[in-house]
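The structure under discussion appears below in the form of structure tokens.
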Amino acid sequence: MSALLSLRNIWVEYGEKIVLENVSLDIEEGSFVSIIGPSGAGKSSLLRVILGQETPTRGSILLDDVPLPGECGPDRGVVFQRYSVFPHLSALGNVMFGLECKQAPFSSRLFGSQKRAAREKAEEMLAHVGLDHSMHLYPAEMSGGMQQRLAIAQALIKRPRILLLDEPFGALDPGIRTDMHALITQLWNEYRLTVIMVTHDIKEAFSLGTRVLTLDKRRHDPHAPHRYGATAVYDLELTRKETPKAADAEPEVSAGSITIDNNHNN
Amino acid sequence: MSALLSLRNIWVEYGEKIVLENVSLDIEEGSFVSIIGPSGAGKSSLLRVILGQETPTRGSILLDDVPLPGECGPDRGVVFQRYSVFPHLSALGNVMFGLECKQAPFSSRLFGSQKRAAREKAEEMLAHVGLDHSMHLYPAEMSGGMQQRLAIAQALIKRPRILLLDEPFGALDPGIRTDMHALITQLWNEYRLTVIMVTHDIKEAFSLGTRVLTLDKRRHDPHAPHRYGATAVYDLELTRKETPKAADAEPEVSAGSITIDNNHNN
Amino acid sequence: SPSGSEQQEPRTEFNIGWSIYAGWMPWPYAQQAGIVKKWADKYGIEINFVQVNDYVESVNQYTAGKLDGVTVTNMDTLTIPAAGGKDTTAIIVGDYSNGNDGILLKGSNDLAAIQGRDVYLVELSVSHYLLARGLETKGMPLTAVNTVNTSDADIAGAFSSPDITAAVAWNPQLATMRDTANTNLVFSSADIPGEIIDLLVVDTATLKANPNLGKALAGIWYETMALMQQDSEAGREARAAMAKLAGTTPDVFDDQLSTTYLYADPAAAVEATRSPALVETMTRVRDFSFAQGLFGQGARSADAVGMSFPGGTVLGDPDNVTLRFDDTYMQMAAEGAL
Amino acid sequence: MRWVNRRPRRGNRMLLGAIPIILLIVLYLAVAGARHAVNPADKILPLPGAMIEAMASLVTEPDQLSGEYLFWADTLASLTRLGIGLAISTLSALLVGLVLGILPPVRATFGPLVTGIAVIPPIALLPILFIAFGLGETAKVALIVVGIAPFMMRDIAAHIGALPREQIIKAQTLGASSWQVMIRVALPQAMPRLIQAVRLSLGPAWVFLISAEAIAADIGLGYRIFLVRRYLSMDIILPYVAWIALLAVVMDLALTWASNRLFPWAHGADH
Amino acid sequence: MRWVNRRPRRGNRMLLGAIPIILLIVLYLAVAGARHAVNPADKILPLPGAMIEAMASLVTEPDQLSGEYLFWADTLASLTRLGIGLAISTLSALLVGLVLGILPPVRATFGPLVTGIAVIPPIALLPILFIAFGLGETAKVALIVVGIAPFMMRDIAAHIGALPREQIIKAQTLGASSWQVMIRVALPQAMPRLIQAVRLSLGPAWVFLISAEAIAADIGLGYRIFLVRRYLSMDIILPYVAWIALLAVVMDLALTWASNRLFPWAHGADH
């Protein structure tokens, strides 16, 4: 079986600065890839490239063995690092947006029973992320964590084939975070999503992921740090005895000894 | 000795919605208060009130036993939850801003040796937060974690008497986070700062703080959740054998048994 | 020069406003040809001719005291500065319109066909007066038509629109508009000769304090007149220069001059100023202006503004004479006493 | 307290706002008084008495010829033209601005054209406008539209073009087509800016209206002003101008109010 | 690919932008040709030959009287006036907009006044303007300034007023006084918007310049247009208008370029 997503020799550069250097990866359908790495290594850049928001300066990306179109679509969902939701829509409106787009291509408004169904679905999703009592708030009236949960709900309701998460749980307290872990694991199982998640919480990376990637610079010139880009320095496949029901189940690491490289390199 | 900062029966309401309900606190000079609590509880609101950015709907705040002026000043530094730095200044410019404001009240530009000194100081601070190679980048060219570190450097260089931190390390990887912990502890020790920090990392809250506050709702009406506000449900003084040198030193908890309430209530 | 202050110090520098119109083009030409400087030097003064494109604005600026003198028609002198309490003296009666103003109709050769049409014109101007006089000849009141105020600068462009079927205008616009297909000149100032008069007026107080200004202006005017009337090369050149200043070609400009009755001879101008016909004309103009409310809301009778003529004739309120026809300087020119 | 933090209360705000306007009126009265002391018949700066007298008949007495109350008839005519002109401009600005702002190929194709039209002074091309629109109401409305719509289009297009790219990307990951991005993401966020653009265009709109009425009209506020300018009747011009300013300020306030009411999310930006 | 994502390349962009302009020219030629077929002496829509002929003498031959090349003298005069007017407007918009935007008490006091001035059509008060500023260059520059500065002031003030409150708070926690907030936080962030405001004001600025030159001038692009308008000489008016449009578009491009160069942080908004 060939990979769902293949990155071939991807380079990302901003002017002089090399951010990603020769990254090659194959991501299987249904896998849950955690990406960790120091701040500024290029994790978000990598996600942007996979999303189609940015084109790499070199290299190619294949989705189902065909080159990725230069734009993003509903097959790839995303939660951005700076949780960005639509400021002009209420929480409910934000979550219903995706449903409306699909079911009403022209008016993108639903009516009657369709509307009721979509609304129920959205309310359920909002309840899942703990926003059932804040449905009618606008993002500007929400706390940071609430906006982040809203962004998660908005992305999850579409059940995209590939879900890209950039530090999705960073602004959440441990209690809600556990709930979110359970939610994402459940959806991942149910819909065979492929998830790529950037996180700074190593425990989270290992407990949720089936594979953990570490993005970092291989070489480092202290006088010209921008001349070397980051690449995947560690790539660990985790095998679980069974698909975990709760995120707290500790996975076993298949690779031998792991040293997580945490040198911050910029 | 009376407290540096006293909150007396503070209420924060947005229209119908009660966010903080009758919060009373005394914060001693030189203490390091960690605030934890579920998302949307009102932690950021509390910081905003202390900062002087918002006036509470009821209650009063005393700083050195005089009512807090309705505006913020250089005695209170802040790192906002959504790391906000000045988009029109480079990293160096952002950090030098505070120094320039103080030393050049009129032109707010420094020249000659003054400028050199300020620049050196700013560069040193940037090196502390690991941005020494990104000094000339504008915020738009930085990753999330880099912007957050910049915001920290910007606030720390002023050595404010009271430092308000709203999830300052949320977007940082564990390695840099440890460095930041060391940095903040060092500055706190050296300059006898008073720090109030909101965090979702309970380990961080306990390892750094001399006191941990939990903000949550005491009562909860499932049909009208907005009718009850949050208040300090737990308030733990931690005593350390010595001032911790490294943040990883585990503090001892003075209160007996603690149950952290993580019910998310909105 | 704030109006009304009777005791004025003699001054040496004066500003005279002018706007583009065939009968006034000699002034800027004289300035360019050095005739102004010659006469000003002779009387030890300095005279600047200031071009104002917008005719109404030039008169307004004169009224406001920003200009010492201005080129203006008899009717507008009465209704703008004089009615505004600005004591004004007309020292040169330069010409009268003898076909330079006209009523145009599309699709008919008879003025009577104007009945009920929308007539585009500069309201409350000499065009309006001409329209009233034209309608009178057909026994129609002004209310027989509906007037639409149109700016003089835009009326030529506007007339090319099929929306307009009737208009009143003056040259050079009139000539441009006559070229439009299917258009007839049904009434013109040639039918009421001597009623639309083009003047040079100056502030009375300034003139009193500086009689040399009047002498210099008269000298300039009649020297220029003599030059442009010549059928010689010099005369043609002068007229060509005036055409250029008016933004047109010598042919078109000569056309315009042919419908302008220039008082090239000072004696003729003096005679016209002294003639009782002028009093009659001004009476008509005054009654028309009053009927149109041009004396302002305060004026209760057509006699509100006083006008004086050579020989002591006074029309209207003798205690409020603000428009004076003065032939002194034209007379001096006629006698060669300048 | 720092000046940046001093927020006057509602009542005080109104009071403060009135001060310079009152001072200006006092200044006017002083200068006008001085001029009248020299020349009691001065027309340039009339005294209030004269203005009231001049206006009284226009406001309260029907015109002999038409039987209309001229002042009110003028106001109605001008407001109608202005309203239609603003409505057409706003609508076209929204449509064109939206399309230009969100679709790069359309922007590349029509952006230069819109810029060109925006910078061409329409009053220089009046004869062509007359041919295209005649001289009636259409022409007046057209002059307003030609005068302000391109500016508004460019403003809206720039605003939409500056929407965070994340939002556009996000919408697409949620399955939105170009059309849906346009009407669900760009359109609603353009609305508050559109109201702001209308507010900023009110001044120019009045300028073009008055210019249009100065060119050819038989009724309207601008018509009256240009008509009485012929005999420097500032006692009518000044009250008319004050009335225009009042109407425009009321519209401005109404628009601000409407924007706050209709788009609370765009204004609640408190923290 | 969705239309929102199609970003034409530089070269294609220029090509696309040229298409509608070329179409418009072709349309003009067709209509003008048709009119000339009916009436060979048609003045309203002259053919290119006539325009070139009419312009040739203005552009290449010195005027007999003044010895100047009229076209270039007109251009120079108009550009000087426009430049001074724009400079004064921009500067005052920056100053006033800054102060209004950042200091609430000042906004409360002078905001209504600025709104009032912004909505008063200056051309309704022409007599007063010319009386106040004379008939010289000052009046022309003043009309431009009165016409566009209030709009720019309001735009800048609104932009600064909408700066995230966090930034103002942050600056104060870093020890900034009101003055420092103004010059270090608000001023630099107002600059790109100021350039945008100048770009949007170019159209109105030309309108006011031309209006001013129409009333009192003896040189200038607007003067020439109004001079020949009496004779309906569209063969001169149209090339002059095209020239004005070209000048304005070049200014617009220069401003865009300058903004990108000087304030990269405001434009690099890529992610």
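For the reader, a short list of remarks on this structure follows.
Should a chain be cited, it is by its letter among A, B, C, D and E, assigned in written order, with residues numbered from 1 in that chain.
Note that contacts are C-beta pairs under 8 Å (C-beta built on N, C-alpha and C of every residue); 3 or more make two chains touch, one makes a residue touch a chain.
As the structure is a prediction and not an experimental result, all values here were calculated from the model.
The fewest steps needed to get from chain A to chain C, moving only between touching chains, is 2.
The chains that touch both chain C and chain E are D. By C-beta pair count, the most extensively touching chains are D-E. Farthest chain from chain A, judged by C-alpha centroids: C.
Centroids built from CA atoms put chain B at 28 Å from chain A. Here the CA centre of chain D is 18 Å from the CA centre of chain E.
Averaging C-alpha coordinates per chain places the centre of chain B 47 Å away from that of chain D. The set of chain E residues that touch two or more partner chains comprises 2, 5, 44, 126-127, 131, 164-166, 172, 177, 229, 232, 269-271. Contact with two or more other chains is made by residues 60, 64, 154, 156-157, 160 of chain C. Under the contact definition stated at the top, the residues of chain B that touch 2 or more other chains are 44, 53, 71, 82, 141. Remark: the chains found to touch one another pair up as A-B, A-D, A-E, B-D, B-E, C-D, C-E, D-E. Residues 14, 36-40, 42-44, 81-82, 130-131, 133-134, 141-146, 148-149, 167, 170-177, 179, 200, 202, 225-226, 262-264, 266 of chain A touch chain B in their complex.
Touching chain D in their complex are the following residues of chain C: 2-5, 56, 60, 63-64, 76, 79-80, 83-86, 118, 120, 122-125, 143, 146-151, 154, 156-158, 160-164, 294, 296-298.
Touching chain B in their complex are the following residues of chain D: 1-2, 5, 271.
Of all the residues in chain E, the ones that touch chain C in their complex are 39, 41, 43-44, 63-65, 126-127, 130-131, 134-135, 213-218, 223, 226-232.
The touching residues of chain C, when paired with chain E in their complex, are 17, 20, 32, 50-54, 57-58, 60-61, 64, 66-67, 153-154, 156-157, 160, 172-173, 176, 179, 181, 241, 244-245, 247-248, 252.
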